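Written below as structure tokens is the structure these notes are about.
Chains here go by letter, A, B, C and D, matching the order in which they are written, and residues are numbered from 1 within each.
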């Protein structure tokens, strides 16, 4: 799945792009309006910058945390974001205000769940039994909070496998569609778009299951079904190909918002060696420490 | 009661002082330790500065509000305090933190109630019936809050009259001693010292009434009783004279922390003319606008 | 992304019956020009103000207040508010008297989007003994101890006066912020008048100097001395002469009308 | 009024069974030298950490944690925490899993000195379905709607690492403050290590640049690079090489002991 997976769209000269660039292009569409734009995966983070650079200058980026990078320009993605973002940052804030913004719906987030199930429930806490997990992940964090405050949640699953897309999540950090949601009268935190390395999906609002919205270039429905731990909803007719990133998007990603190539951390190369390589390159690229102070 | 009322104590050369200076000297004793020191009357405010200058450099002054003057030096009292205090201010804060400090007991305040009764209940909200007051004062403000958070409250009543020291307050902003306090199990916000232009007082802890602790120089018990709207507790023996301000205190008040004479606003001269005079003199004295920015 | 509006556009947005709040406190940083414009628009509104001063006084004097929630109304060293006195003493104004901590808790409830906040305030005092108050004593669901529930305070419109703002709506307040930053999070529509508008905050300063994010702000207007005689640190100390004149005459309906008309229509003095 | 203490004096003050919290978040501004000194003092404590990283990992690896409250434990881009994994996966560690908003609400309850805070979080998710959690669904006393009560979080001891501090205990944090300013208000004893101590904050800056008032701080120690490899903006970007080495080896008890001993006793590198 590494390297080139398709051909860039739009008017400009065609060119190849990676699946991470495809994902960034898709996710950039969810960030609009006077909101804080947050991406919990590297690609989603870069997507917030792409949105700000090309489509929605009004969004607020929070590169590097709630303080030094708050409301900064569409600066290049780094491993140490504050150092790059702070010089253009307009305001310092804190975590209490961030949750007030979430409560006010002034927030758009793409999460990176470890498990998503057919109804759209998601999990980043544990694999196996919570009392004695097979794998202790990171804890529920803010997903239960966002779920009762935001209209809709977006998901990015880096690697589409039967262990990531499961029949039922081991621990519910966010609740999907279905009878339980209806009984609770929960109308917020609806599972929205799911983007993986294979395609773009959404969930049936009655909990019937996962629907393919589009397949990335070169991916077949059968391939996606084989990589999914439950039966996908049958497509009605021919499935569209995910619109490829435009030339302008690719140029922006590569030259402006991710010249370092941090997006590779969401790809198959991810690991200590790549992180070390990026950290080394970052030092050269941005001349840390930094700008304002 | 204007002008000189007594003779300064301590080793230095004796001198005359005003009742406001007497009150400032007495009130300066209540501000000690790692607390925010607040005075709701002009004299109490100046007393916080006197305490900081001479006795308790560790206290935090908040001259001019919760932000620009927070944790400043013992700067001269002004009508526009922020302008004088800001250059030496260590930190900006806000009202939520101020109430967190009050809740943590890191706060010492002298209030300026319009009515105090024999049990120590106090009132700054209304005279007469709350629903249709004879006089609408300013509202309960923070007294009910301080009463359930601080160990003890101190009171400064500028003019000791039967209308200020009453049998029963018209509206309880703070609750005094007595059966109701005991029934509620309320142990915080105990009425502590009361300072007036005639003397220093405290309240019987069972609600039996008001006790004279000391009389200001030249004041008799009979004079105080005549100025009080209820019967004072009978003194057991000869009443002491309030210790006069020391020479060091008088020098500090007059030369360092109130050279403008703002303390006169708590005396019998108070009124629009005096305020106008002080405003005019302040302009000359401090060359507003100010220092840091 | 400019949010620059005229004062007229701001005031026109307020419908009759709206819950309106003003920033600042007492004689400090009151949005007097906006208050005067609102009063002159003859739109009866409900007021909720943490620490009221000439803002509340002017609205009451103009007769455009349907009800008032407050923790304080007064002129600080200049004494009591004449129009507040008259309104209260006539017995005709529906009021809710909050304590400071209870008002803060109500605003925090709104910022956190919960219907109430628990507080220890209210025990043993008469703010919970008067008719029509919205507070309730209740047992803590975890410990059983008795607390006071205060409802969320959610103004429909908030008017603030600030030191400066940028066109995108970021706001800088250099003196005491009172509850303004929190009220901005609690309010549906936030209008800011500023002594000066700049292209972008913070100028040469760190990001800690910006007080309120543009995310909370609906519209901004440049209005030098929009706080009239009230204090705006550091540019305007309280003008005791003008404040004294206001205090002496505001009880006169004709004088007040002329005063408000002048304030509401004054061209920004550049 | 000097509050300057040695790291040893700070750590010695912590009795067995104390509830201890650390500031910072994930791989940022963790008080690693203080954590190492605490771990080396062999004092079993209860931990409550908002966003844990190598701080929680080191304490768990040293075996000195009686229980753990958390909203997150992880190494951010460097993956999962090995010692957190082992402790959780062995099933022997009593834990309370908070959400971020619930943890914040718990800290706010403590800062306001109320026993609980209401929040909307917890609805429809499994954090309220696990054994031993301290949360409770309850009806709002004013509106009747169902909310979640979270208890106050009151650490006995809080350790923070900061950019700088003055000897009186005023603290300046220039990067993300996480919950540190609020945890300082919620905690009984607050110890701060700082990359540098200065005579008085703020230096040439405005009072907005001081993050935590000395009123909340018990002791300060100058400890350059007291956050070890974690990031302290702007002086220390995250040292990915050292962090990677920690992540690779911290599961080895011998390696971890040597690492902690070195960190706890290192002379301030001037």
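The rule is simple: contacts are C-beta pairs under 8 Å (C-beta built on N, C-alpha and C of every residue); 3 or more make two chains touch, one makes a residue touch a chain.
From a predicted model like this one, the values you see are computed outputs, not experimental measurements.
Common neighbours of chain A and chain C (chains touching each): D. When the C-beta contacts at B-C and at B-D are tallied, the pair with the greater total is B-C.
Using the mean of the Cα atoms as each chain's centre, the chain most removed from chain A is B.
Taking the mean of the C-alpha atoms as each chain's centre, chain A and chain D sit 28 Å apart.
Chain C and chain D have CA centres that are 38 Å apart. With each centre defined as the average position of its C-alpha atoms, the distance from chain B to chain D rounds to 41 Å. Chain D has residues 112-113, 120, 174, 206, 208 in contact with two or more other chains.
Annotation for chain B: residues 67-68, 86, 99, 103, 149, 292-293 touch two or more other chains.
Remark: the chains found to touch one another pair up as A-C, A-D, B-C, B-D, C-D. Across the complex, chain A is touched by residues 1, 111-113, 170, 185, 200-202, 206-208, 210, 213-215 of chain C. Interface of chain A with chain C (complex): residues 34-36, 57-58, 60, 67-68, 70-71, 86, 89-93, 97, 99-101, 103-104, 106, 149, 292-293. If you check the complex, the residues on chain C that touch chain D are 105, 112-120, 134, 136, 138, 140-143, 145, 147, 149, 151, 174, 205-206, 208-209. Residues of chain D touching chain A in their complex: 25, 28, 70-74, 77-78, 80, 84-85, 87-91, 97-102, 104, 108, 120-127, 129-131, 173-179, 181-182, 231, 233-238, 240-241, 244, 247-248.
Residue ranges of chain A in contact with chain D, taken from their complex: 42, 64-68, 79-80, 82-83, 86, 94-96, 99, 102-103, 125-126, 130-145, 147-149, 171-175, 180-181, 184, 186, 265, 272, 275-276, 278-279, 288-290, 292-293.
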